[in-house]
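Beneath this line is the structure, given in structure tokens, with notes to follow.
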């Protein structure tokens, strides 16, 4: 039991972080905050990945004659790519937010939806 | 011990980001959140990832978010108490994930399948096949070089996308048609 | 397995990928269009060549990127289903570029046009990359290339709701991709590999572990978000309704199909040696979702005023049919699902092209704007009617072929009520298609309506090519049926 | 305004050349230690971001104009993909660096150098371009690009 | 041993700084706290490098210090001017 706990606690905390991020994304109405939530979510996933690559007693996967055990380099490579994808998404989302703020005058989801509903409703009528 | 306390800091930071209404503070905290994550990567031997996360998460993202706040609003307006629907969804998702961890190899287990199949070849042979000491670099640029090409394309997409969405064109002299240069896009 | 590597696989993806920075460097709308046009048609040629190779060799085509053997490097693999999907993507890509020239000139600010083509090329490259990759993580990378570029493309719509639609799609898409990554991570954790073929050989040993089960759940949910499967479809109507016409045509006919293909790939290739539908309780869930999509989305379509949004809801319903085919999980069912990927691309492509062209000529956006269109733009309206008949599933159209395949699959699998429900949902399609047709032909145009401007041939011809194709492949379904049939046989394991 | 903040100005002027140098170090030392094209690109861009923050965006744009960042963006991707195409022309698979030089190891070294350079150029261009675009927006936007319904 | 003790000390200091960052109350408290936490991260990384006996990763600490500086400049500039750049005005080449 204690073994399970100490062996999995990293993953659990990472999952808790993911869920905090996920909650911010789906429950909070502010667009910037949604993006921050998305970042929290993604970084937590990265922590999850890096955790699985660690080998006890290993060190960073940079070859050196004096070292026997290395941690797994593959998750590192994957997460490098994922981080880049994450920042790309963030940049695009922020650009969209700037435009949305200009078009709607707000970055709160509820106010945007109100304006959208008005537009949707006016569409059918001549 | 370092990892646990840093994870604790990260959780605390995330929770306070959830509560704070001042977006400016939220953005600053998200920078520090990334910085903590970067130290965790470093402690878990992922030095390259730590390097990138610090540069990107704490550096570029923060600057961009500040830039966005400057152009929008820096206070969150409505503040819902607790949204029960999303909360339930999140708890269920989290529950499923935790359930999935139960059969996982434990943290740091050297016998986990993940370390034996593909990765062991990288560690044993990359020195001979690629000849670069940093295994992450050899996997990144050679074995899985194609992923990195995709990654470059993603960065390219994002930059062009930002230009498309908010890039300002050069002020046109009226009615002169499409002569514009020096602008962002055309 | 013959391991002859086929270099056309990589060319298919790399050519549009290279075209994109070239477009940026050219910095000229016409030149960018010309480059994209050349690229899209050569991609189409390569796709035909690959499909030929596939049917000649009856084997999976491979390409080893970087010269590294499969589980260590990234591998490209193309099977028959993939062949059909790349055919769909490249046909639509080629035709929509013909269509794009004039349409884009009208809808997008002139200084952004060359960037638009750069984005379109990236999107094309991403979609093709998703289809032919044999590596679970590489799929994510290309998924993101195509997603990011489609967010940008959608946000170029004139209406300000295009911005919020793009943003919503971005949020949902990123959550989907992140779920996918979690799933891949968990599978990787249990198997130590990312290569799909390799995964399929290792997974059976660990398939009953909780981790793999959760991994499958997350992969399914993540892809379903991209696929807009019923309860996760919220991003789709707005995105299709407010994007520029070309973008709607391109995405509606390709993006969801590619996601469906990923789902099929995960169920039948990655988990191919595990009986997914026996081991995991996926079938009932998928069936319920598919049926809900068919009915609820069709009902929603009936109430829409915006015509593009109506067609978008109809797309969600049609995705329901495809998923239904997968969920029946017999060879016949899968054939129905796969053939509908192809057929739906043809009909939705022609419908959205017709609507886009009418918007170009007469500025229509809503169903009531269509009044008198039957007389004002007879050719386009006729193409619309052909597409609409296909949606309903009238004989001699592709829609009939798919529905017939699905119904007979349901009957084969002893699922009587399912067959009845498929027919019943067609009735709903009749209602929403008829609504438009009635207004277009029976209602006179308003007095003060301006005379519609001439629609350029470059928009008319692709519309009609797709419309005619949907009649041709409806009357003569041997090619598609054979292709889908042998693809399904391959997926189900009996070659 | 910022003109009086002499501490910042002096410190930044002193810092920017070492930052650029550090970026080059990260770029070319990535084979041996942590680092590589992506990180180097970000650091390289960070130098210009710092410059832009302290001395104004207009000045930064004069140093590296937007057209230059756009060209960098495209060139990096082309360099990367071009390396792959080049190996194909030499008879190998796409991105098979073994064909680039007489011995596989030398080929791998050259290949990695080239693609990392491609990544670095694209990333630096992208980050600068994104920063420029954001930093020069005005609150109400340019009516030139406002497309209201 | 010495390095472990140092790491512990840094962690405690970090906790204190983070408390200030969460609690506020003014913007400047937060800026200072976040900046301090950043600096402590640099120290922690350096210490950890020696703790794990591979001190060659000091590059990372260098990068952190740099990013921390740029971040702080950006933040303070934001607070002072509500923006990141000079207002561009509309001189001819003045987009961006």
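Read from first to last, the chains carry the letters A, B, C, D and E; within each, the first residue is number 1.
In this section, a contact is a pair of C-beta atoms (placed from the backbone, for glycine too) under 8 Å apart; a residue touches a chain by one contact, two chains touch by 3 or more.
Quick caveat, the model's predicted, so the values are computed rather than measured.
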Those chains which touch subunit D and also touch subunit C: A, B
Those chains which touch subunit B and also touch subunit A: C, D, E
Top-ranked pair of chains - ranking by C-beta pairs in contact: A-B
Taking each chain's C-alpha mean as its centre, the one farthest from subunit C: E
Distance from the mean Cα position of subunit D to that of subunit A, given in whole angstrom: 24
Between subunit D and subunit B, distance of the C-alpha-averaged centres to the nearest whole Å: 18
Chain centre separation (subunit A, subunit C; CA means) in Å: 27
Multi-chain contact residues (two or more partners), subunit B: 47-48, 50-52, 55-56, 59-60, 63-64, 67-69, 71, 97, 101-102, 104-105, 112, 114-115, 118-119, 122, 133-134, 136, 140, 142, 144-151, 153-163, 165-169, 171, 182-184
Residues of subunit E whose C-beta touches two or more other chains: 57, 59-60, 63, 67, 70, 74, 83-84, 93-96
Per-residue overlap in subunit D, given as positions that touch at least 2 other chains: 26, 32-35, 38-39, 43, 46, 49, 66, 70, 73-74, 77, 81, 84, 94-95, 97, 130, 132-138, 142, 145, 148-149
Interchain contacts, given as pairs of chains that touch: A-B, A-C, A-D, A-E, B-C, B-D, B-E, C-D, D-E
Residues of subunit E that touch subunit B when the two form their complex: 7, 11, 14-15, 18, 21-22, 24, 27, 30-31, 34, 37-38, 41, 44-45, 48, 57, 59-60, 63-64, 67-68, 70-71, 74-75, 78-79, 82-84, 90, 92-96
Interface residues, subunit C side, partner subunit D - complex: 5, 7, 10, 14, 17-18, 20-22, 24-25, 63-67, 109, 158-160
Complex interface listing, subunit B residues touching subunit D: 47-48, 50-52, 55-56, 59-60, 63-64, 67-68, 71, 129-134, 136-138, 140-142, 145-146, 148-149, 151-153, 155-156, 158-160, 162-163, 166-169, 171-172, 181-184
For the subunit D and subunit E complex, residues of the former touching the latter: 1-2, 8, 12, 15, 19, 22, 26, 29, 33-35, 39, 43, 46, 49-50, 52-54, 56-58, 61, 66, 132-136, 138, 142
Footprint of subunit D on subunit E - complex, ascending: 56-57, 59-60, 62-63, 66-67, 69-70, 73-74, 77, 81, 83-88, 93-96
